[in-house]
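Here chain A shows up in two complexes: once beside chain B, once beside chain C.
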Partner chain A sequence: MILATEMVFQPQVLFTIVMAALFGLFVGAVPGLTATMATALLVPVTFFMEPVPAIGAIVTCSAMAIFAGDIPGTLLRIPGTPASAAYTDEAYAMTRKGQGEVALGANLLFSALGGLFGTAVLIVAAPSLAEVALKFSSFEYFWLACLGLTCATVVGTGSPIKGLVSLLLGLFVATVGLNNPAGVPRFTFGSVDLMGGIDFIPAMIGLFAVSEIFRYVLGMSPDTSGAQTRVGNLFTGWGRMMKQYWRQSIRGNIVGTLIGALPGAGADIASWVSYAVSKRLSRTPEKFGTGHVEGIIESTSSNNAALGGAWVPALVFGIPGDSITAIVIGVLYLKGMNPGPTIFINNPQDIYAVFLIFILANIFMVPAGWAAIKSARLLMRVPRNVLMPTILLFCVVGSFAINNSVFGITIMLVFGLLGFVMEENGFPIAPTILGIVLGPMLEENFVTSMIKSDGSFAGFFERPISGTLGVLTLALWVVPLALFLWRKFSANRVSPHATRG
Partner chain B sequence: MKRRTFIGTCATALTVALSAGGALLGMAAAPALAAYPERPITLIVPWGAGGGTDATARIVGSLLEKTLGQPVNVVNRTGGSGVVGHQAIASSAADGYTLGIATVEIGMMHWQGLTQLTHTDYTPLALMNEDPAGLQVAQDSKFASAKDFLEAVRAKPGSMKASGTGQGGIWHLALAGMLDEADIPPQSVPWVPSQGAAPGLQDLVAGGVQVVPCSLPEARSLIDAGRVKSLAIMAKERNPLFPNIPTLKEQTGIDWTMAAWRGIVGPKGLPQDVSDRLIKALKEVYDSSDFKDFMNQRGFGMIYASGDQFSNFMSESNESLGTVMKAVGIAKQ
Partner chain C sequence: MRINDAILGAVLLAFALVIGLYAQSFPAIPGQEYGASVFPTWIAIAIGGCSLVLIAGGIRHWAETGAVALASWARSGHHLRALAITIALVILYILVSTPLGFIPTTFITLTVLFGILGVRLALAPVLAILLTMAVHYGFYSLLKVPLPWGVLTPWAW
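This part shows the complex of A and B:
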């Protein structure tokens, strides 16, 4: 442990961490540039570094990027990373109410706390948690995807029918391309670009940001520049929020770490699930969607906790918990820190040094995040007629960068139009995004499970974890419906007067 | 603090924007070949960030940058089981400023009718890596050898499932070809498609499938962790990193080999001087200790061939893959 401390507290290691933090903040804040991309861009640099700064750079950079994704999401309604998409609307609603500083302050505080929680779990329980994560097969993931889809009925505001239409639209988009279990091109019309499927990131940028630009161009956007100019003291209400929402924070942390630790699900899904859980269990669910900080706290805790969780199977078994740790595993091998149970036995100082960096990175997030938010505030002083074209420019760059192809920009524009039309007609866009995220997971795990069980549905209930998840999911679907019917039934049978006595 | 961070952010912004724009500029500028290379080179990877192909491309890219004295930008063009990226390499301008890393799938996709592209649509530069398929089962599996496994399949077809890549992917072919060679109908071990070796291996440990015929470097961490054992490798010789794992022929007498390979290519019709310069630079990269260290650390197999040799290699690979794919019914008739 002392060795580890010595390894970390060296000028060049600390310098690397600070540089990686700034890089992560920037990449995360630009829509379309994801935390995964930030990590991938760092890899060639890490080839020529010592193991500890190399891993430290990746850890810091990814944590910062996930947090920084909240900044443009909150101020401009452009989620910087997919993990922020779940609560972008909520945070933007707060900004419109002039509470941008509260939203960003909450994002910062609870991101850092979530990160620390995920790290604590990683340090204390990695080997045993990894055992559980390794028991998940396609049967279990299928049920998880179903549970995720259930969130759609919760996250969408307005009519459930319109929410369902929106979800189905997302699921349809997810079927386009060649990336399905059978490897058969669907809805591609012979286009090589469509064979690759519809990329999630440009679609998300289109639905959120470009639709907002359309609304502005058509003069339908309320002028909110006055409300947004003041970011004020970020630390306002931290004490109060901690006191009032500590349950939400802890719940988000636990859900995030667990989902993060599962190899088939990461920070994006953790964030959606936590937002839905928060709304479902809230005493004031009607406030969700109107700029209420509760759900933001839970899901921002969750997506940062998921980062730590994702390292659990990566370190213990070399199985990536998400796309970031997939890259990390390669770097670990390069640096001679081969993942596996022995990583904790051979050269334990290396792994403790990595843990220390996790903690440092999450603490450093507070001042660095504060500075980033303060400079982002300058954006708000820019007149809207200058700001909007600039946003469009960033959207275009982000959509292009995701796959370095012009086709990404086409997707962005098409989805921008779609998002605009949908919202003007009262269709929520959040379920569409959820559908695009979960569609492939749902289909793939269903088909592969059916192949494994030779076409028998019983397979979904034969394994202990899968059976439990299955019963839970079905209960979630059936019980509210049954209760509804029961109430209707008893209301019909018993006259309103009798129920009083 | 505030001011400095903002400036820092701007500086980083510029760098990223420049590198992102680099690809665009690369296409626009005129191919003046006074002294190739005079501007940055783009290296296209048809697979996602973080995978083995991506890692190989990135190390080659950073070493090539040193050798050629020009930045090499590695870009991922993913999707369509590799079709999208391979298409992007083939249809880029043949000026030496856009190269790519081609993978074994170039000899597979066209047999399935997914694309018209074949290896003849590229200028072969240098083959850098080859990883043979292995035969992995869970540590607690009852099989002790490839022979046991084959007998169990013969006795009870359909009782075991395999995974490790998509439907008709390279490891699917490795397994199907092996069964075919052993006179067992290839459908006796149904294939469960997965997004890659890692999810397939996880499913193996979780008990969802019984065999994963991926390469050894992919299975390494779980082999080291004592969760997975490799029964045999489908290669002519044993892997120096895993000297205890026998070859398939040693164990069963079945002479069947299959391997995934990766090599650097350019679009068809690269000027002779450009391809000569690149082949020379890639040879330097291949011989460098940095590259050797990297490949050994990852456990990736090293193999080198350039120009016509590489072309013949791809052509042979293409033919043998086509034969297997027809035999197991994956090829489009």
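This part shows the complex of A and C:
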């Protein structure tokens, strides 16, 4: 613990965290640029850092970006990140009623509290889960990876089939190269560059950042002129809101952390679910949508709590809770801090350092967020036609820097186009990244397990934990399918007029 | 631009067939049942299955949506040209950055990109050179990324 404190409280580390915070606030506050994109752009830079500042930068940047997404949502009705979309209309309605500062103040306060709650859960849950996870073998890890991937396709918004296709494409990408249990070159077509596999960093930069640049070039980005950017005292009513809405805040925190911990679902989904829960359980549901702070509090708590929650499976099992932690897992491997239960035994100081940074980041959010809200006018007037080429340049240099090879830029471009086409046609892109990150783990554990059990599938169900996980996973596969068929069957029998609107 | 699911499904089906068949050529490991081809084959089968569902759904909605629903940008020559130039600039960067060097390539790329996105013509090269040098300083000098010097090698620092 003392070691961890020493690792964190170094001028260099603190400086990195502050810079990452400013970067995250900026990217989050500019509509169209997401928290995942902020993380993706940051990764090439963290590549050259020590593990602790590298992870610290990512943690801080993602927390700030999720909060900052609320700023343009409240002032312009354009969510800065998808995680703010759930309550954008509500917050904008408050701005129109002249209560913009109350909405923003609530966002700031409850984002920070939500983040701290998620962190507390992470600190308590992760080490105890890690003890359980120590007993896991390749069978359990195989099922966990399956479970994570399944959640990624089922939980996401939109068509599950398209989510599944997106995931399978990611898994396919992961098979390219020499890096497989058999050590056979696959899908390399004689290219030396492809032997090493498709690096996930350029792929992710392409999917999350370059595709957004294409959308901008095609004139599909939101217009941000005409913002109401005069904001009064942010701290108005903090005490009153705490007293009146502590239940909503805690409920949002719990729901957010749980959804965050669920593999594949992150801050975006957490905030939608929490907003809906808040409306359903509210004593005054009729006020929702008219500029009422209650739902905002619950979902803004939720999306920041989800960040901490997502780290639990990421650190303990190496299974990402959302697309940001999918990136983090890649970075951890690069830094030699392989996620998994052993990290809690071999490098506890690293883990404590991550916890400390989480706490610091959420406390620092209050002054930094205040400054960001005050300079909202400036942030939203940044000319896009200068900003977007700058981001493209960062993408190109970042993709190059991973292996010092222009092949990285080629990967970036291909995935940028792929991401663009996928999003245009309703295919979510987060499952692709999960597939690329989890693919090798899935295959390795499967092959190891098969060798251990002499090629018998029964081995996957023989151990108690692995059997439970296996049944759970299979249930997740079979139940939605059965429900789908059942609904079709009954819809055919009941007249079509029976459906309610 | 929304393409009908049936067309996307057909493309995916073809892709699945190609990877599935190609995977059968991977050498097996003697004495082991689960070699390099197992996973790609499974993935190919799964993608194939999904593509059939997409094709079926796409055909059902074909009457409403048609083959392709064009977004507004797809009918705008200006926007399409901008996209084509952006992609071409990245390809240009991939091809010439090593022989020509980071600084000249980036300067040219950025100036053109600023130009097509409507930055004032007098301002574009100034911004481009400032940005190029700033990124060069950050990545080359601070982060020690060996950005290529190309034709400027005699003046490298």
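We adopt the following convention: the second predicted complex is superposed on the first by the 272 of 501 C-alpha atoms of A that agree within 3 Å, B and C clash if a C-alpha of one lies under 4 Å from a C-alpha of the other, contacts with A are read in each partner's own complex, and residues count from 1 in each chain.
By our rule, contacts are C-beta pairs under 8 Å (C-beta built on N, C-alpha and C of every residue); 3 or more make two chains touch, one makes a residue touch a chain.
Bear in mind that the values here come from a model prediction, so they are computed numbers and not experimental data.
Judged by the touch definition given at the top, the superposed model places A:Pro72 against neither chain B nor chain C. Set side by side, chain B and chain C differ in how many residues of chain A they touch, and the one touching more is B. In the superposition on chain A, contact of A:Asn385 is made with chain C only, not with chain B.
Legend: residue contacts after superposition of the two complexes on their common chain; A:Ser323 is shown touching chain B, with no touch to chain C. Of the two partner chains placed around the shared chain by superposition, chain B is the only one that A:Asn179 touches, whereas chain C remains out of contact. In the superposed pair of complexes, A:Val447 makes contact with chain B and with chain C alike. Of the two partner chains placed by superposition, only chain C is touched by A:Thr410; chain B is not. When both complexes are overlaid on chain A, the residue A:Ala401 reaches chain B and chain C alike.
After overlaying the two complexes on the shared chain, residue contacts for A:Gly114 are found with neither chain B nor chain C. In the superposition on chain A, chain A positions 181-182, 397, 400-401, 404, 447, 451 are in contact with chain B in one complex as well as with chain C in the other. Contact residues of chain B toward chain A in the complex are 1-2, 5-6, 8-9, 12-13, 16-17, 20, 23, 48-52, 54-55, 58-59, 61-62, 74-81, 83-84, 87-88, 112, 114-115, 158, 161, 163, 166-168, 190-195, 198-199, 201-203, 205-209, 220-222, 224-227, 290, 294, 297-299. Contact residues of chain A toward chain C in the complex are 45, 48, 161-162, 164-165, 168-169, 171-172, 175, 180-182, 184, 186-187, 213-214, 217-220, 383-386, 388-390, 392-394, 396-397, 400-401, 404, 406, 409-410, 412-413, 417, 424-426, 443, 446-447, 450-451, 455.
Considering their complex, residues 22-23, 25-27, 29-30, 33, 36-37, 39-41, 43-44, 47, 134-139, 177-179, 181-183, 185, 192-193, 195-197, 199, 263-264, 313, 316-320, 323-324, 326-327, 329-330, 333-334, 336, 338-342, 367-368, 371-372, 374-375, 378, 397, 400-401, 403-405, 444, 447-448, 451-452, 454, 463 of chain A touch chain B. Looking at the complex, you find that chain C touches chain A at residues 1-3, 5, 8, 12, 19, 22-23, 26-27, 29, 32-36, 38-40, 43, 46-47, 50-51, 53-54, 57, 71-73, 76, 79-80, 82-83, 86-87, 90-91, 93-94, 97-98, 106, 109-110, 113-114, 117-119, 127, 131-132, 135, 139, 143-147.
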